[in-house]
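Below are two complexes that have subunit A in common, paired first with subunit B and then with subunit C.
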Partner chain A sequence: MFKIDISSTIFFLKNLKKTLFSNLFNTIITLLIILFISVAISNTFAWLLFKANWKVVISNLPLYAFGSFPPNEQWRPATWMISLLLLSIFTLCGPEWKWLRKNLLIVWVGTIPLGLYLLYGGLGLSPIMSRHWGGLTLTILLTVCSSLLSLPFGIVLALCRQSSLPLIQKLSSIYIDVMRAIPLIAVLFFGQLLIPLFLPVGIEIDRVWRAIFAFTLFVSAYIAEDIRGGLQSIPNTQIEAANSLGLNQYQIIQFILIPQALRIALPALTNQSIGLFQNTSLMAILGLVELLGVGRSILANPEFIGQYIEVYVWLACVYWMVCTIMAVLARHLEQRMTINQANF
Partner chain B sequence: MEPIVIAKNLTKSYTKGLRALDNVSLKVNRGKVLVVMGPSGSGKSTLIRTFNGLEAFDNGELNILGIKIDSTHDERKIQKIRRRVGMVFQQFNLFPHLSILENITLAPIHVQKRRQIEAEEYGMYLLSQMGIDSHAKKYPSQLSGGEQQRVAIARALALKPELLLFDEPTSALDPERVNEVLDAMRRLAEQGMTMVVVTHEISFAKDVSDQVLFMDSGKVIETSPPNIFFSNARHERSRKFLNQLDKH
Partner chain C sequence: MKINQKVFLQFGICIIFFGLMGILINNLTINLIRTGLGFNFSWLFKPASFALAEHPLPYTSSDSYAWALFIGWLNSLKVIVSSLILATFLGTLIGFARTGKNSLLGLISAGYITIVRQTPLLLQLMFWYFVGFLGLKDNIFIQIKNIFYVSNQGIEFSGLIFSSEFLALSLGLTIFTSAYIAEVIRGGILSVSRGQWEAFRSLGLSEKKGLIRIILPQALPAIIPGLTSQYLNLAKNSTLAIAVGYSDIYAINDTIINQTGRAIECFIILLVSFLLLNLLITNTMEIINRLILKSRKYS
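After this line comes the complex of A and B, so read on.
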């Protein structure tokens, strides 16, 4: 129940009056700002409700969601995305049984093979080439696959950078520093245009996977740095304790260092994946018809020409919504970890 | 009398010319308790950390449980020693991301390859010995210092060691928490555990130890039974140190 504390409200109003309307000049400024804000808000709403022509969004909803996926097979990506959404809701509000919580992680990882199966088809579903994938489905697929691939790669890079073997240490340092010095778009260009030239004739990796690899190469360098930060903040006494228990080097890495480094780096890692989600929109420039790409191709259609604002406002809302879901999930994860082990 | 620790002329310097250990020789037999005392910086930690290979040394010879190591710091031999020697640290050094029981079962499961159920059963037994079995599911940060140190002792015991090393196990504890840890150590000594204990707890040294070793600037000044060391120490340096301890 909401209870409004009357005395503090009055105090707040009095305070407001004191700061905003203390003299003539402040009063004028305040009034001008109020006028400006109300005009801006009413214009925005007038445009959203009356002037904008939302047909460009409404009549193309399947296109935004699935790209050019064959219409009678669109239940497949739809199933995948709905199961992701349900899983998110379940993760946030579901019951707290321990065995369930433990298996939730496996279920989350399992959504990737499920998604790939539903998209590719085979085994009873009609096969569909990746060039037909698109829209939000493709955006989410790029994000999920690249995040999941770059995590182990980033961990390995971070460990190599801490290694005592000078050659491995140098190589991984160079890799990380170079990747962090190149803009993402250049790495993506490399993935789309140059990789096919380097591969022997006859071997072909499709565009979606080339994009996923390029994102993985890029993001894992950043993840490696986040994890290195985590590794460095683990006190040496932890390694001594593990050593004196007879654990060997690999066991120490596996059971002591990586779990602690991941927990410390968790906020940074979730930021990386949200950033990755937003950056998948760069692929629109490189010819993948993901969410932004769909928007661009719809705008190229003579029927909807010139309706940029509607399309981009709509796309911004979709990106915002997915990012919010990701951020809420991330915060939930962090909170659970701190509850589990008090102030570790 | 079966010797568990034999050190011969151990010498070590961290920085050139400054000896953290200077020709240290000592012997501890099975079932005996050696207490190591000495002013800050005298090399006590360095000494007992050489016993399980956490610290290498420059010269001399060490024989732990019949395994001989020297300045070459042979990793395979050290690994063998670590499986049979437990260590308890001043700052507990529990693993913060693991529950109390997981802290204890980690090494038995992964070093000794015991079955999880078996390791957990024995872990619970050790925790009940230490009087903290009700905390098994908690995490280290949810326990008091004294409780954490008793967990650390249980963790060291989980590998069924033949020698236990303690480096100032009560120095980081509130005064009213010191006795719960010392009592646990007393019980271990009564059960015949061989222990090397760096501590400034005089009452513990008097009641429990068989020998007191006094160090200063990396050298062993004297090794005496506790009744002699505390009433009538042989060396001027030891008496001065004890006087200062009494003043605190």
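After this line comes the complex of A and C, so read on.
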């Protein structure tokens, strides 16, 4: 056993020599990189441990998490976030309970009404206006609500664009192309401005829902294109087979096209939802106090003025972490889907 | 589906669609009349009466709104083109490093790509602006031989002045886009079959020469569409200029809406200006694509 270890070490070293020190140029680059990494790491650690003043982060932790949610009600968003976290942990490495695993998707979707109930209040909880929502809670709420709403809308748009009816096809193509041509911040800004103008007098939607609506309009165009890619990669023979089995148009769409298209488009859809999560930060310059907005308002506080680096590094870490969790969850879902396919 | 059914279905959907549009437009007119704004473009020729910090063509605050919008469009174009060129270079380098033999270099570029792609662009832009440029001390001028000045006002290079807003925006966009371009380049290089690598190595070509003369020309057809979509994304992302106070087309539209309240008209103007930018980018890339195809044919 010891022998194998030595030979594998030698193999590793030889490999290292081949990849890192194969010629003079490569050696110089490798040495420069090692120098660069060591300087960068030592400087970063020196800054993290000694120079940085983490008071701006530590004393404001509830603010980053919940915004200006009333302090004695903060257990509500906290409950929601912790339940989301526990659900992710369970999904990734929980026990194989078949009855729960089968309905896991429903449980995930169910967290949205739960979150809305906990945030809005009512039915035994004291009601809280949406202008008090903020921080990471609001960021996650914007992400989950908009992605859930834009998925069905995107599927319908993709089906319309693939449809054989010319008029429907044209209308949805125009919508998708226009939405993909304009920048997100314009959609969000005009969503805040124009949605009230398009509604009848007397009906008003609050800022959060206007933002969710604008995100949905925008993201569904991108999702539609991803799903269209999935639809196009389904061979025509499948539709012919379904036709010869006597399935009608709607059954084909429901049982043949959509499940396969979703499975193929899943990696692209994951990227869309991660992108959506990052893009919710745009609401910080449009008046919502989500995660980045909290950072901005803390930096405007005279007590913490000029501590840009600490706040931005901390926010980048939080965004990075949530993105990573989302990516890992999506990879898990992809693996599950391929396993299911093999079982058939 | 029978033809009758098809016509009927389309007809029904059209009625629903236009009915919905009708209700929305009706609401809009009621609201516009209520707020007393109406819908016209004659305000475009009134004096804008706001100053612009940055204008490639002469501009004063007594010039018209239309001229201000055109200046904003030029500002957008300026930042888009400069960061497009820089991001392509940087992205190509990182893409090569990611696919190259040196595993340490590959590791570093992979780390760069993950960090850049997993944090929001807006956060990065704010970081570069507030930490990178405004963090420079006001009174300490770094100057090299009287041609190169750096301060928190920006960089002056032999008479050319780049404001710190412009620099922070193009730096942020360059870094953000280069990470995506690197992935496009990597995808393109990986799409060339391994046999090609082995073939040029066995012919005795050097690694560098083989990459440029053999691999890259074959990877380009896979790279160009990805690049085009990244350039379009770059153009759209450049509207985040408003976060650092650079007056691009979107920021000027925003100012005008705050002054005049004409949201619908400004939305249409923004739509048209982005249509122009997109057409410019896609057509240029189309020409480049055609040139590449042509050069392959005759070589």
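We adopt the following convention: the second predicted complex is superposed on the first by the 307 of 344 C-alpha atoms of A that agree within 3 Å, B and C clash if a C-alpha of one lies under 4 Å from a C-alpha of the other, contacts with A are read in each partner's own complex, and residues count from 1 in each chain.
Basically, contacts are C-beta pairs under 8 Å (C-beta built on N, C-alpha and C of every residue); 3 or more make two chains touch, one makes a residue touch a chain.
Owing to the predicted nature of the structure, the values given are computational and were not obtained by experimental measurement.
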Worksheet entry | Side-by-side fit of subunit B and subunit C on subunit A, or clash | fit
Worksheet item: With the two structures laid over each other on chain A, which partner does A:246 touch: subunit B (first), subunit C (second), both, or neither?
Response: first
Practice prompt. Could you look at A:26 and tell me whether it touches subunit B, subunit C, both or neither (first, second, both, neither)?
Written response: second
Worksheet item: If you stack the two complexes on chain A, which partner ends up touching A:171: first (subunit B), second (subunit C), both, or neither?
Response: second
Worksheet item: Who does A:94 touch here: subunit B (first), subunit C (second), both, or neither?
Response: neither
Discussion item. Is A:200 touching anything from subunit B or subunit C once the two structures are fitted on A? First, second, both or neither.
Written reply: second
Worksheet item: When the shared chain A is used to line up the two structures, what angle, as a multiple of 10 degrees, is there at the CA centre of subunit A toward subunit B and subunit C?
Response: 100
Fill in: Broader residue contact with subunit A after superposition on the shared chain, subunit B or subunit C
C
Worksheet item: subunit B to subunit C: minimum CA distance in the overlay, Å?
Response: 6
Worksheet item: Which positions of subunit A touch subunit C when the two form their complex?
Response: 19-20, 22, 26, 29-30, 33-34, 37, 164-168, 171, 178, 181-186, 189-190, 193-194, 196-201, 249, 274, 278-279, 281-282, 284-285, 292, 308-309, 312, 315-316, 319-320, 323-324
Worksheet, complete the sentence: subunit B partner, complex, touching residues on subunit A are 237-238, 240-248, 251, 255-256, 259-260, 263, 340-344
Worksheet entry | Touching residues on subunit B, where the partner in the complex is subunit A | 52-54, 79, 82-83, 85-87, 89, 91, 93-97, 106-107, 110-111, 139-142, 155-156, 159
Worksheet entry | subunit C residues touching subunit A - in the complex, by the definition given at the top | 1, 6, 9-10, 13-14, 17, 24, 27-28, 30-32, 34, 101-105, 108, 115, 118-123, 126-127, 130-131, 135, 235-240, 242-243, 250, 254, 257, 263-264, 267, 270-271, 274-275, 278
